[in-house]
Amino acid sequence: MANSKYEYVKNFERENHLLPSCYILIRVDGRGFHKFSAHYEFAKPNDAAALQVMNQAAEQMMRQFPDISVCYGDSDEYSFLLRRNCELFERRESKLTSTFASTFSALYQFYWREVIPEKPLTVERLPTFDARCVVYPNAEIVRDYFRWRQVDCHINNLYNTTFWYLVLHGGMTTKEAENRLIGTLASDKHEILFSQFQLNYNNEPEAYKKGTTICREYSVVDAIEGGMMKMELSERQKQREEKKRKKAKVVVHHTDIINDKFWNERPWLLQ
Amino acid sequence: MANSKYEYVKNFERENHLLPSCYILIRVDGRGFHKFSAHYEFAKPNDAAALQVMNQAAEQMMRQFPDISVCYGDSDEYSFLLRRNCELFERRESKLTSTFASTFSALYQFYWREVIPEKPLTVERLPTFDARCVVYPNAEIVRDYFRWRQVDCHINNLYNTTFWYLVLHGGMTTKEAENRLIGTLASDKHEILFSQFQLNYNNEPEAYKKGTTICREYSVVDAIEGGMMKMELSERQKQREEKKRKKAKVVVHHTDIINDKFWNERPWLLQ
Amino acid sequence: MANSKYEYVKNFERENHLLPSCYILIRVDGRGFHKFSAHYEFAKPNDAAALQVMNQAAEQMMRQFPDISVCYGDSDEYSFLLRRNCELFERRESKLTSTFASTFSALYQFYWREVIPEKPLTVERLPTFDARCVVYPNAEIVRDYFRWRQVDCHINNLYNTTFWYLVLHGGMTTKEAENRLIGTLASDKHEILFSQFQLNYNNEPEAYKKGTTICREYSVVDAIEGGMMKMELSERQKQREEKKRKKAKVVVHHTDIINDKFWNERPWLLQ
Amino acid sequence: MANSKYEYVKNFERENHLLPSCYILIRVDGRGFHKFSAHYEFAKPNDAAALQVMNQAAEQMMRQFPDISVCYGDSDEYSFLLRRNCELFERRESKLTSTFASTFSALYQFYWREVIPEKPLTVERLPTFDARCVVYPNAEIVRDYFRWRQVDCHINNLYNTTFWYLVLHGGMTTKEAENRLIGTLASDKHEILFSQFQLNYNNEPEAYKKGTTICREYSVVDAIEGGMMKMELSERQKQREEKKRKKAKVVVHHTDIINDKFWNERPWLLQ
């Protein structure tokens, strides 16, 4: 509204407009969640209620930002994929990272109070998240990104499961458990769980082993008719397509996204 | 922890390390607060409780981030100045913007529930904030930045006060009030308030006219001895200085920061 | 080699590593060539000798930088395409732009003295070029880039040809010729040339109408066997492929690159 | 001039506008000058003619770019300081780096042919230079930048002088000379030169020991009256100041720029 001789200070602002026609991936990551989870006494290796809070926050993100086509999360992180031609905030990096970090944090706090009312949050230990944008030029690399995160989830969850069984049921200190696992392969950890604790890791909940994938679902026919799979749309087609996106069902999966099956069945996700 | 053949996707990440020896200014700004304030029925022109939430959030930011030397806010925005040699998050832009946006949002929601429990937040209308970093090379421009924000506060508050008096006490529609104010000078608005509503604008609360400035306070002697005013410190001196910063009193002002007086009395703020 | 307490000034250097797996396009552009061509009395509308200097410089660029797969130029500009997985200078933007600008300028001056020895260069009017990098995520957009440049060449050459016929053979001042052409379509210009000067524009030299495209040529079999068309190669395959690239024939064309034919016949160019 | 449906490819271009109110330092650096100097058989440790070419090129840069206030060079590099409020090319990084690299290369080739006509340049070994911009927020760091380069010159020249005396006059192979110098201090190298070759290093030419500094000279009175030392000038004052800059004497020094004397006597250089 106003003008003053001090307004020249605006000339120092810089915007980074992310490269057009590329996928934008925004990853939010819990800040200091090691201490946070200790402070609020998370169950180990996985706290079902805390994961529910994460997943509800992510699902609500999908509703509030129709440009997200799919997201994947585990532990204290979530990765959101924006569709290739998305123009949200004119693709300005700071606006995207700060808004996603802010909104996810707000939703997490909101759902925490709903899901875990017995653990009131204190002002010194509020849940907060940082965020970063990464730009990917093509669909194959985007698939590899999600494969990377799911492999990571798998490795971490197997480690954590074994570690905490050794500590909680095997009588080891955390230091001893750590040393016990140095140099062990996946097969060794399976063996420890099975022989020592009669736990078949393969029977652990899919949500823990595979993390959570949330996407918009259409029938392929609908996706084609809706224009989800075309690069170039007229203005009117764009509006119709956006409407369709906003009204699409948002569905939660705990499934393999390393193989092609998941992606091939939903070609609109990487359009 | 883990390695996989997909890890190459990390090579697409980019970091912007903000220029060393420059001041970093981080401004957080309410997202869609026009609608937000309508939804939660803010008092007009100023809602004392909502401003209290903003100010408590900002004060808590100062406690959680000792690298902030001073901050200034009004309406739905706050500007945080990080000291020149600050190494927070290695000066990475995305980490700074996302963390400040996230933490401020978390604090705002937290204090809202304490200060305004009678207005429960709904998931579709949570308070969120974006953020941006701006880099300034010297103290004089930083002063001009804060002058710019306070001039802006003044202009907006005078406008809003007059506008809402015309609407709430003058029987105008918002459209009529808008038209009435087109082309008016500051003196015209003072005159409207005085002649029509017997309001002397100069007697309005300082917090509304001047916004809120929060800074760490020392005696000048303490600041000098603590090393707040030196550029180069040994490692041990740095640690002593940091400790001093963490323990300093955080003080809230509603005062003029356009003139030099405020800054000259606190030379450590722009060191 | 050396170290000193002043070396901290290196911390202010910033590198922009261009996004991996994307095509890099480097365009060099003559600085002040309007005045340059007037000073050295270029023939109008096209100076054959000066264009030869441009083209020889570009051809030599292809020999000195085997990462260039194809380039296109007309007038005082040339666009060089680096292959998608090129690691030249670790994809550092400043290194790429400055090296291309420098090398092209050096070559231009060198060939000028060979081709046009009768016009000695003066120190105040040396030929210089600026450069910029642009990053493109996929082959279709790269094709559109080259289409854009060739359409531009066509439009400019038709305009310049008509303009200079009006001036040199039609007795108009440059101002009159400019006014004559305002608002004219391509067909109008063809008509002026034909009716007034008996010139059939379609018979003008291809080099002027289509610009110059230079690329490495292989048989398709060779390209496949050489690994030019695979994304992922072992280290040994990479070396073999690089050798092949260095030894490939560099061929100059004045041909249509707007249609798909040129590109479809040389699939390795956009691999 | 022209428009086409392909013009969208321009949207992928990015500009980096360097931070206002900061000094811009552009360093050009010979590409592969180790091989270049071997190919053209430079005298060792210093080739007077080749250094003259460098210095004439730099001096001409000062004439062609009045925004350069001072430059410093030795060996195959030169550092150009642009004044703080310089608006050359709207402070666009690519334009600055590419233009400086291009112009310096063009000038070097030009003067080479004048100064060293007996060594004709070949197309495979033309002299080329890369360039980079660095942004510095204040004068003290800029001074340290130049100190850094001059300390570097000193260390390199002492090393090279000793190294080449051992090889050319001491009968060592280059490998033996290298080994002889490992772990030696400056004083050791002075001692080798003196005891073995009766060379007092301190009597070596200042141009080799101190490098070359070129700056615009005014009397202090002139600088003050000309407005060289003010930050804020009216439009008319700016024009007068620019005129004065263009007409100022450009003077070459081989002198100490580590101590404050040089800078204190020319306060306009860092204004």
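Letters A, B, C and D name the chains as they come in the text, with residue numbers starting at 1 for each one.
Everything that follows uses one rule, which is that a contact is a pair of C-beta atoms (placed from the backbone, for glycine too) under 8 Å apart; a residue touches a chain by one contact, two chains touch by 3 or more.
None of the values given here were measured: they were computed from a predicted structure.
> State the chain with the largest centre-to-centre distance from chain A, centres being mean CA positions.
Of all chains, D has its centre farthest from that of chain A.
> Could you work out the angle of the rotation that brings the CA atoms of chain A onto the matching CA atoms of chain B, rounded to the nearest 5 degrees?
Best-fit rotation on C-alpha atoms: 180 degrees.
> For chain C and chain D, what's the span in angstrom between their mean Cα positions?
Result: the chain centres lie 30 Å from each other.
> Distance between chain A and chain C based on Cα centroids, please, to the nearest Å.
44
> Would you give the residues of chain B that are in contact with at least 2 other chains, written as numbers and ranges?
12, 14, 19, 21, 135, 141
> Looking at the complex, which residues from chain C come into contact with chain D?
Residues of chain C touching chain D: 1-2, 4, 6-10, 12-14, 16, 28, 31, 60, 64, 93-95, 97-107, 109-111, 121, 123-124, 126-136, 141, 144-145, 147-148, 151-152, 155-156, 159.
> For the complex, give me every residue of chain B touching chain D.
Residues 19, 21-22, 135, 137-138, 141 of chain B touch chain D in their complex.
> Can you tell me which positions in chain A touch chain D when the two form their complex?
The touching residues are 11-12, 14, 17, 19-21.
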